[in-house]
């Protein structure tokens, strides 16, 4: 056991994964080890976010989701850039801060993480079970559209995701970043959105948070794709606006800090 | 489509808007492109703040407004200095940190943003409609002055806006700034004010947040201008005090970091 | 008017008050102008803290006091070091970070600010009046000691003030400070204490917050001095421990950053 | 008295304890004075955390524990690294950031601090008494396992402690740390966990927080060790993963910043 552990330590002592900073996720020249670590971080971070976020109920939801996102972005920022959201990753592809191939791999890791996180819920939450329908934890309570019209649902998710991805660009990807406060600002964006848009749409802002519960609990399929499309479009608009303000990323020939 | 997008990327790759820091909004020698970007940021930021802030109800209002302001100041700080409040802009004109012409343009963008944000509410909130009166979301629930006298309303809004603008000077405009924590401190000032003054005045602290709902929902005109005057005066006093403490800005011949 | 304003601007353009950093309040060689600015900042900051903090009721009290303190420390940190609490000032005298004469002047400014803030309450809060007794806003609801014994009251206020002043030393006065997060950490200490000790003692932690309401509203004199002594002793113990850990301040011959 | 105080000041003026940074706790070549200061900080910090955390009830528990942890980590970070949790200390032993002998001393200080903090509760909280059973403040209300199965209890505490220790590595121990925001991120991790896991397990995440109340109030022994084992295992997994990502610490021959 001790010698096995020592072998592991010896393995770790070698090269190690180069350090990154929050938002800095696109340099394609990095080693394979680093790429796999990034994908693992996106998978695991998204798994935990889906597990935490889905368990948060009612009045605790804004805190539970907002703070959990901030904390998990801190945990993963140095490894993968801390996207934890396919809409953020789509934005970085569009603005040239990430190669589209790696971006698709990130998204796959995120969706898989979101689904696996919901399976963890089934194991760890007493009254949760596969295929339980609209009562499943993390099924957005307004997915059925009973409180607002579907175009309003589309509008809120688009606007809120636009704000989220705009903040990611402002505090993490663009040059004069706001340093170590970045992940907190991103978490607070979700936090604020949950207070505002929570009563209307549930404030998803993240395609992987929507697809996981929909697949596992089989809930609200009639609006799930409205969420997902609105979020991707909001992220894309934010990325295009950020390109206009800060210039494109290295994939489009821009400078990269 | 791809080639149109490539043209857009090429357009973005050129000069780009010089980067700014939070509070750094007054250098008049900047390019036209940058000025228009700043005005767009103030318009869009104020639009989103009015949309978010107005939708927040009751107990969520302090969170919804305070965190939303912090987050939107992060998003716009590098582009326009992140004022998002005509009382802040008036302060910077008085203290010489912004030329009065640009300041008036900022204020116009903020008021237009505030009005447009309320129009977004009408589109996105189920029970909101133009001209709906005092029940409109974001109509300050105490605009009618039913709980406190009008001179007390005036006093609270003056004091609270004085604190807000004083914090903006301390963390963003004066020399030994508090760095990347600045926008958070500004948001927390509104947050704290909403807990204290919220039950008394609704804690507006922002002329553009008052005028938007008053115009679109046609609510509480009898006190709207008390709010607006009190806020401008509170901001002006804070700016004069800041000049005394930190010296004037470049428009009055002072140093500028 | 314009020329009067220009004279004021010209006045401001001169020397100006040297900048300081949070916690850096003891250098006695500073100009008179700076000393008066510091006393004014302590007076005004304490006035606003008493006004804000006293108005916060019940469940909002923790937020209202904690966030208001953080924000006001940001606003005053560069001018006076942002003490806003006689127990903090006593600590800095003991540890040699402030000359005792200036420290007494700080305390006088803080107590006067606390009293004046309560007079502002009388003017601005509808149901507040001088001499109103134990119902006065900001009269600590447990000053009567109806829920805990007086020795427990003494113990809680001593422990909580010890923690508050210890955090001030750790994040602001001792060498490897925590930079711009300092005032937030101090505010959060009061925030956390209000959640814990609030139901037991009201979580005052500040002699000037206790004396102001007691004097103006004539409330709970039977326990007011228990609070004040406990808080001073808690602050003193924290200062002595900090001296042991970080060495004494310049008044006792120690280094000063 | 004055001369005794002067002697104390003279004593403090000497060498003083070298400054440290948050997370930087393992260099074994440090002086004995520093080691004892570190152990005292872990003891006192854990005492205060147990006192604060145990008094927080119901809806205040997430705030009371999360913010108190953040604040106490700020207070102790420069002295001991601010572990305040045996599961964090176990992690640093495994990853080679702390010698196992010092780590065991840290853990002893933490457990003693946790127990002493509960004794302070008995003195300071009106309705608390030794041996009072499951109603004791800080006895995790779900220790009896009445709401979730014991394997689910084990799973939640393992996952939540894994997240906590992972954040500690990301923001404090690994190279590109997040600077002065670190302790806040750690506190927010507990904060978020309390919102999520609080209704299920009480969200302990800390063996010393579990053992103290169990010993003094004699409560819920049937699940106490499930908590403690789950937390140690969660911390160990986080440490092994961190080693893989960031390389081992100096005890295993790795670099140390």
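When the chains are written out, they are named A, B, C and D in that same order, and each has its own residue count from 1.
What we mean here is this: a residue touches a chain if its C-beta (ideal position, glycine included) is under 8 Å from a C-beta of that chain, and two chains touch if they have at least 3 such contacts.
Since we're looking at a predicted model, the values are computed, not measured.
Farthest from subunit B, judged by the mean position of CA atoms in each chain, is D.
Taking each chain's centre as the average of its CA atoms, subunit B and subunit C sit 29 Å apart.
Annotation: 41 Å between the Cα-based centres of subunit A and subunit C.
Residue positions of subunit B touching 2 or more other chains: 179-181, 184.
Chain-to-chain contact here is organised cyclically: the chains close a single ring, every chain touching exactly two others. Against subunit B, the residues of subunit A that register as touching in their complex are 62, 96, 147-149, 152, 155-156, 159, 163, 166-167, 170-171, 174-176, 178-181, 184-185, 188-189, 191-193, 195-197, 200, 240, 243-248, 252-254.
Chain contact summary for the complex, subunit D toward subunit C: residues 8-9, 12-13, 16-17, 19-21, 37, 48, 51-52, 55-56, 60, 63-64, 67-68, 70-72, 74-79, 120, 123-126, 179-181, 183-184.
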